[in-house]
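Look at the two complexes coming up: chain A is in both, with chain B in one and chain C in the other.
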Partner chain A sequence: MAEKPIQGEKRVFMTGNEVVAWAALAAKAEIMYGYPITPQNEIMHYWTRLAPKFGKRFLQTEDELSAGFTTLGGVLAGRKAFTATAGPGNTLMQEPMSMAEMMRIPSVVIIQQRGGPSTATVIYSQQEVTMTTYGGNGEGLRVVYSTANHQELFDYTIKAFNTAWKYRFPTFVLGDGYQAKMRESLTIYDPEEKGLEFVPTETFLGKAPVNGVKQPVHLRNTYNTEEELYEVITRYMEEYLKVAPEIIEHREFSCEDADIVVVSHGVVSRAAKVAVQELREEGLKIGYFRPVTLRPFPAEELKKVAARAKTLLLVESAFGQMAKLVKDAIFGSTVALENLFKPGVGITSEEIVVRVKEIEKGALAK
Partner chain B sequence: MTMIPQMPKSWRLESKPHKFCPGCGHGLVLKALGEAIDELGIQDKVVFGADIGCSLLAWDFFNVDTVQTHHGRTTPVVTGVKRANPDVICIAYMGDGGGYAIGSQHLVNAAARNERITAILVNNCNYAMTGGQMAPTTLPGMKTETTPYGRDVRESGYPTQGPEMVAAITREGSYVARGTVANLKQLKGFLKKALQNQMDGNGFSFVEALSTCPTNWRTNAKDTWAFVEKEMTKFFNVGELKNPAAKEGE
Partner chain C sequence: MFGVVPVSERIVEAYIGEYASGKSEIAVNRAVDLKKEGRCVTLVDLDLVEPFYTLRPIKRQLTETGIYVVAWETSETMGLGEAGSLIKPEMRWVLRRPGDIILDIGYGVEGAKVLNLIEGAADNKNLQVFVVLNIGRPMTDNVKDIVEYVKELGIVHGLINNSHLGDDTSVDFVQQGAKVITEAALVLGLPVIATYIDRKFEFEINSKIDIKGNPIRLLDRYMTNTFW
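Moving on, here comes the complex of A and B:
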């Protein structure tokens, strides 16, 4: 049996789903529970080929409810377990993840977004933002990383395991069908050789007796009274808000003097980056802002940008799901909001350039 | 001096008297289960999963590692535990709604995969925690809150034959039985064998227990007992359906 899946670092050219499987191996994940749904299938395909070589396991379940709940069982038994899904599977995944929120079970879910609502397309969208950030019958006690390229898929999948086990909130890596299926160059590496320390797992159920004495645990997600629940949720929210600044990540450039700031996330932010660079070369005062964590959202960071800019241009492959998060974050700001919403469809840098110029023209005409 | 009634060693005294209604069969099933755990000496190795419905009231019932889950999802949770740590002895404890309706796909597939877990399903012919609605196991003609004129089999079919279904879809190594709270000695024997079957690594083990619900049946003690002994057994045969250990002796 090979010792480490990745020795040192290696330049590779692979699909995003393959990247996720390698990242989970690199993060020392021990077991994957999964159910087929496009476009995430190849995560399982690569995992089932690679995992046995490193003494790791897999269970194909009967549906995503089972994939989620078996994942939680694996975590409770002390293993680094994870799952992956998409679209309608993500809908079902919200039930187990709400249990993870209530019981503070560390868990990692990779989402490769597809078109919605319903079965829609198996290809691509950014329409699972609302569900992934605030799904389930709760308060959104979770962390969502929205990746833009294959290097990030690798880096953030590894990071997701540490975030989940450190803070004990379910953690999602939100990719999409384009990232899942396209091939791209990236560097994979052994995280420990780079100095990254893994947060140790914890055995919640089935712990061996200590000095012959077993202390049984009783875990539950149900409460008898409103007050009892209120106390628990208040404490969880306080903890969440306290650690949120440590978790929040975003990227921005050219925002200092920008009149228009393009706000986008995930794969769309790549088009936005090119568009902003081109427009800057033309001499237009355009900036770039990208939330990496959609939950918790970089609200303070965006507020600062919104305070200086005249307009935020919200660009996404959904009809305003990221926009809702933005509006919530900058509430009270008087910045103008414009949008380029293309639900379920990719967005090019050319389209963003055209949209920015329209807004510029409109502003001059006033 | 206060007399403490005799209770299984694996019971958690702090949570007694338990929270089930007077006359409820859960306490009896859990007593048989507690004695089975004691006699097998496995208290420190058990992971007990409790479903939603009245079975959730068992979340602090035993001095064993316990996890209370969602409605129908106890089978996958303990499957996940067992797959991650085969050394523990996993029990999924649920009602007829959890096992035969909302979680039926999990029961069917865990059985088909021959998961090395023990599922215990309490059949009381109704959804009791939510106020007595029709369950998959409600008897034909039986009145519930959602069948106020009696269960019409043309509208909603016949009672689910759980152990028969599990027996039909499992192969070598599975243990399947139906016991009743009216015969606790036999029920305890079935539970013990179902646990032993898991410990031997044979395969999926399933015990349905016919149980009582006087609160929702609106029956007195005598009628409650008559219902479980006479009415339920018309549809649900008590006995062992599959026992890998018995094969050689036959």
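Moving on, here comes the complex of A and C:
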């Protein structure tokens, strides 16, 4: 057997897609199933280059429906499997992942968002938020981590495997085309050397007999009556809501006395961070709030911020997809909502600064 | 060992290497440096997989310096953002252009095969193929892996040390790259053409050669203004 992919830790310079392939190796993933689509292609390019060196495997399927279902098949057979996709591929991926929700099959999917709807652009957007959080028929029984930089792509891809196998909900790492293709430095490491314990995988189908008795495994994605389904979904929702506080993550700073709080996620939050820091230096009372988990959403945390602030400025490279999650989370709050929506386009710190100043000016004029 | 082409002759260089190794940055810097010497320079963007992304955002800036840039403009085509694996006729015949030619060849091993599509590349006596390497990239961070990688690439005339960690680069890291890449070059029987280092380290390094005696070239970062 080949040696460990990463010994100790080291500082490296990579593209985001490459980071994901290394993170999956570091997380001891055994097989990737996938179908090519820009901008996530290099995840599989690098995985297939690395896989033979470390005794890992890859299967290219005929489309994303099949990539999703074969990933679930791999998991049922006891393998630590994952897949990656983007845009229209993510649309197709919703069918297998809603089956994963129904059958509680742990699975890890990396999404590098591109422009939408349909083929749109191969480049970038944050337009896959609604689909990744609540896609598929059902209740959105899944976990979505929205990353902002290469270090997080590495850390959260590793974490996603544990989240998925611990809670048995499909887990998504939501990146975007900019993060996919951008190059920056990060530290890669062997998670176990850092004390991280991996949640063991289990064979769901074809389990070995216990004390000579073969235990039946009954995983269902179909039910005969409304009541039967109702009972199961109610139980799943209870479980989901119970573990949600353990899963929820967010970042905030300078919110304590802020009049305006900039809310953003993913790569856009990098621009928001710079904007908030600059505006603070100018003496403006501006805060920063970033949900890391988009599902479950840090609702209580944002409510507290909304209770103190006068205005939330919602900034995203989509036309209000994160905003919907925010509105749902803070329902009942009387905080004013402003936005900077640029679907399919990157957002700079300068644009956020300008928008904040417009809002400030408007507030003074009143 | 290092003066591969006499200065009086025309310079024809192809930069190849790992995805994200810095080929485009090195090619652009090389073209700009040659232009500053008053030479006639053509820079060719030969990324056939993502033909619309590499040099596009800085094409005008480079053209204004007097470099002739052969690269697609988005407005010249429609719907070929990713699906188009195509070569501009001007690229195929680019070696017929006068003066120096700098070829930026995208996409790793497969990208290197693109040279087969350039008319006259096979028998061009001036053509030098240089591999851009960064030990900050795990696939090429040691002598063994670099040697294996370069051997996959076909005809190669020299190595370029472009070891860096983006904004976290240090002079030590660049020098470490010089050591590893020079050792790999010895195994391969190839010269190290240059060590590139961000211009911000000019006074810190304060030398015309790196720790292994390879020439140092100062690098300005253009590619931060592009994406992909």
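In this section, the second predicted complex is superposed on the first by the 358 of 366 C-alpha atoms of A that agree within 3 Å, B and C clash if a C-alpha of one lies under 4 Å from a C-alpha of the other, contacts with A are read in each partner's own complex, and residues count from 1 in each chain.
Operating definition for what follows: a contact is a pair of C-beta atoms (placed from the backbone, for glycine too) under 8 Å apart; a residue touches a chain by one contact, two chains touch by 3 or more.
Every value quoted in this text rests on a predicted model; they were computed, and no experiment measured them.
With both complexes placed on chain A, chain A has more residues touched by B than by the other of chain B and chain C. By the document's definition of touching, neither partner reaches A:V243: not chain B, not chain C. With both structures placed on the common chain, the touch criterion links A:M14 to chain C but leaves chain B unconnected. When the two complexes are overlaid on their common chain A, residue A:T61 makes contact with chain B while staying clear of chain C. In the superposition on chain A, A:L196 makes contact with neither chain B nor chain C.
Judged by the touch definition given at the top, the superposed model places A:A77 against chain B, while chain C stays out of reach.
Shared-chain residue A:L205: touches chain B; no touch with chain C. Of the two partner chains placed by superposition, only chain B is touched by A:L219; chain C is not. Taken together, the two complexes place no residue of chain A in contact with both chain B and chain C. On the side of chain C, the complex with chain A involves touching residues 19-20, 50, 53, 81-82, 134, 136-139, 141, 164-168, 227-228. Against chain A, the residues of chain B that register as touching in their complex are 12, 43-45, 47, 52, 56, 59-60, 62-70, 73, 76-85, 87-88, 105-106, 108-109.
Interface residues of chain A facing chain B in the complex, by the touch rule stated above, are 30-31, 33, 57, 59, 61-63, 65-66, 69-79, 81, 95-96, 99, 205-207, 209, 214, 216-222.
Within the complex formed with chain C, the chain A residues making contact are 10-15, 18, 22, 38-39, 42, 45, 49, 121-123, 178, 181-185, 188.
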